[in-house]
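Before we start, here is the structure in question, set down as structure tokens.
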Amino acid sequence: MLGLNKKDFNLLLIVMALALLAPFLLNPFPSDSGLAQFNAGYPDLMQKFVIFGIFAIGFNILFGLTGYLSFGHAAFLGVGSYSCVWMFKLLGYNVLPGIMLSVVTSGIFAYLIGIVSLRRSGIYFSILTLAFAQMSFALAYSVLSNPKFNLTNGETGLQVYADDPQIFHSASAPDLPHLFGLSMRATEKLQIGAWEFQFNAGYYLCAIIMIAMFYLSIRIFRSPFGMMLRAIKSNNTRMNYTGLNARPYTLAAFVISGMYAGLAGGLLSAMDPLAGAERMQWTASGEVVLMTILGGAGTLIGPVLGSGLIKYFENIFSKINSTVLHNWFSFLPEGLEDLMVTLIYPFVGKGWHLTLGVMFMLIVIFLPGGLVEGGQRVKRLFKRRKSSDTDDEATQSTPAE
Amino acid sequence: MGILEVKNVNKRFGGLQALGDVNLSVEENSVHAIIGPNGAGKSTLLNCLIGKLIPDTGSVMFDGQSVLGRKPYEICQMGISRVFQTPEIFGELSVLENMMIPIFAKRDGAFRMHAIESSSNEKTIIEQAEHVLDSLNMADKRHMNSASMSRGDKRRLEIGMCLSQNPRLLLLDEPTAGMARADTNNTIDLLKQISDERDITIAIIEHDMHVVFSLAERITVLAQGTPLVEDTPDNIKGHPKVREAYLGESA
Amino acid sequence: MDAIILQTLNGLDKGSAYALIALGLTLIFGTLGVVNFAHGALFMIGAFCAVFLQRLLSLSTVTIDETQKDFLGNPLKVETPYVHNWFGPETGAAIIDWSVPLAILFAIPVMIAVGFIMERGLIKHFYKRPHADQILVTFGLAIVLQEVIKYFYGANPIPTPAPDALAGAVDLGTLVGFDPNVIIYPYWRLIYFFFAALIIGAVFAFLQFTTFGMVVRAGMADRETVGLLGIDIDKRFTIMFGIAAAVAGLAGVMYTPINPPNYHMGMDFLVLSFVVVVVGGMGSLPGAVAAGFLLGVLESYASTTWATTTIPGINQIIIYLVAIIVLLTRPRGLMGKKGVMEE
């Protein structure tokens, strides 16, 4: 169906269901219970899940298929964000032109960076993309923000001011990002017993776009183009001596994944019309790498899982402070309680990045294939227990899930 | 006038004369072997033929066109296919996918942005790939991960991938190196079958005399970067110069 | 003319830092074949060695002096550093004052130990893994290291001054015949430059004139052959990693009076040092050093008021622009060797 085989179609259905039912799935605890702090069904957070999902899905098209590790993808996210806010400033708060421009500008940007960076492969490529991203950050943070020529508004961040032209802005339209009058902040609340579920217009816009982008990525993975990209990763020598020119293929993959990142950046601005340079910093580039490898690079579902998990943990972990910790361990004797709090405290709250770094290392060291590989290992373990005589599974090529 | 004409090719690496005035002409639809002791410059010559090295002087013409300065993929598109000493295949891909890629490349050229391919087109490609696999007796392995095959099978697959593009010249670099006897014989049979059934020129660099004398129609002996003699296998066998070159090496 | 000399001098200290970090990166890359994204963190740890030593030396006993009152009328608390008690007030004060140079002695064993632990404990296990994995794991390590430092020392830069005796500036202009007060250069920056030159010279001499260095150079050129000779190359490479870590650490120690250290200084320098390595030519030690100084000086030229008013912010991006131009015209970098990091 839709040009997909049955397995891929089922995967698409699962992602669709997860995305559309997220307001229910992410709110399992009643709002007055102590566990409510683990709920994630808030519009802000849910928007981040799907937007970073798009970012990671796009990154995976480059890294997962070709093996080219870009350390500068946050630059495209930032370019997308700025483009979208500029459309708000010039045309008005309708999100559609903004999102479209985000994709176009980040595509052009990715093309220019790609031409230079893809002259080299391997480590060189990673370093070059990192350097380009840092240069973009410097450009956005200070160079392109001066009285003569202010494109990014520097440290303050780009935002809409009252004296901006907004030529298509009409009095009836909301004074916030909207889609043909439907405000992105519009939220329906549904009260069922002790549970409160929130349905946010902005979230559903992002979710639908994410599903479409996921579908597109399945098509790319399964297309001859995707096969060529995997061939580049597998053996570039043979690729050349088969009469294929690898560079336009990798460039195309780079541009496509840059456009995904730009789209994600545009959506970030569409949800909250403020674009800052910090979105382009190397930590942001590192985060999308982590999302992809945590879920499983080169797998279809991996980036979606990875981005969801990381954004969820980021939210939960940063909320925990020492009072919360003391509450948790209050059942322990006092000395032990303090010890536990002291041990865990560096990893939560402001120390979230430490957890991120440790997680990064643990995944690379012990589970380079990410959660999807972990799941397959567990599955294999169970299968082996059930029937010890089928061993052909291991030698069969396992297509990416 | 042969299909491959090498004229006055010289190549120096620092102080070392790797190739000195090499002239070579490979007849169309023949099997031509290039042999010689270690360090005779066989690999250097091969690398000059496929664009990896550019000779200091001289010309390399394929079917009237110069190959010098062209990129490997362009040379491949001219109709020269190369088989490597260690089989170069797409190890992470299945056997069938390995076979599909050269067929796509033959159809679409060096690059085509077919991100979304119609399934009927893809079916045609798959059928062609399966046809080639059938002819190699590898149909049952099509869903295998190609990296997990035996060396002989990898070689078979690599040759098949080259043939699927209908090249006019097939270059083989010690195709049986590191192979068991059975695999070697299988490869010889495969190459014999190919040269009998197709309009194809085969140039082969080889150490193993058994392989050379079972396949070649003409043999060039290379020593110290220069061709010593070129003749039919029967005349090469007892040639004093050849014996001298090889004995000189072993002594 | 004097402006050019001044800017050249100003660029030398940053250039020295780039050169030292890039030298270590190239050593590690050349010997172990690993690109170390945690190398900037080593520079940062070096700087915090100086901070740590300064704080350690300033540890004080608190005594209450009943004879004096503070402004609230309470008895004054007098903090006396332990070193004052042990060595007498004058020597004690001098020791604290000279804590940054002293930190060199402290940092060398610490950095070598950190290097050994990093190589034996982590990086060793990644030699046979894909390059992407090596990059990722060292990147993760860099995050962990800087977050640990942030946890202990906070996010703000920590002023770590040079000894008072070296805090002033020298009027270099008068020495070569310019008018007074035209070329004024802080002592410490001069010291930093000579220090860097000394370390670079020592590393090169070590590689050039010792048997150990010869083996390492041979290993950089062709690891397999050297391995075949029965030389235990791995052990030497571990030591090289320790040396590279020490070089980065010392660069960090000495840099603290120029720029107060903060937890993310490592990553800031790392990205630029990578660019330096790429411009110099991957795997070329002289290239790394030359490009380090070159880019440092160029950055300094771009920071002049004339340059920044002509093109605002040019000083922030000049290095990247130069790198792009170099790569487009000389893909291997200025002194890159053929066959290093190519397909």
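We call the chains A, B and C, going by the order they appear; numbering starts again at 1 in every chain.
Throughout what follows, a contact is a pair of C-beta atoms (placed from the backbone, for glycine too) under 8 Å apart; a residue touches a chain by one contact, two chains touch by 3 or more.
Everything quoted here is computed from the prediction, not taken from an experiment.
Steps from chain B to chain C, minimised over paths through touching chains, total 2. When every chain is reduced to the mean of its CA atoms, the largest separation from chain A belongs to B. With centres computed from Cα atoms alone, the innermost chain of the structure is A.
For the pair chain B and chain C, the distance between mean C-alpha positions equals 52 Å.
Averaged Cα coordinates give chain A a centre that lies 34 Å from the centre of chain C. One simple way to say how far apart two chains are is to compare their mean CA positions; for chain A and chain B this gives 46 Å. Annotation for chain C: no residues touch two or more other chains. In chain A, the positions touching at least two other chains are 237. Touching chain B in their complex are the following residues of chain A: 3, 219-220, 223-228, 230-231, 233-235, 237-245, 248-249, 252, 256, 395-399. Those residues of chain B whose C-beta lies close enough to touch chain A in the complex are 50, 71-73, 76-77, 81-82, 84, 88-94, 97, 100-102, 104-106, 109-111, 113-117, 119, 122, 125, 143-146, 148, 158, 161, 165.
Residues of chain C touching chain A in their complex: 35, 122, 125, 129-133, 135-137, 139-144, 147-148, 151, 267, 271, 274-275, 277-278, 282, 312-314, 316-317, 320, 323-324, 327-328, 331, 341, 343. Touching chain C in their complex are the following residues of chain A: 63, 67, 69, 71, 116, 119-124, 126-128, 130-132, 134-135, 138-139, 141-144, 146, 148-149, 236-237, 282-283, 286, 289, 293, 346, 351, 353-354, 356-361, 364-365, 368.
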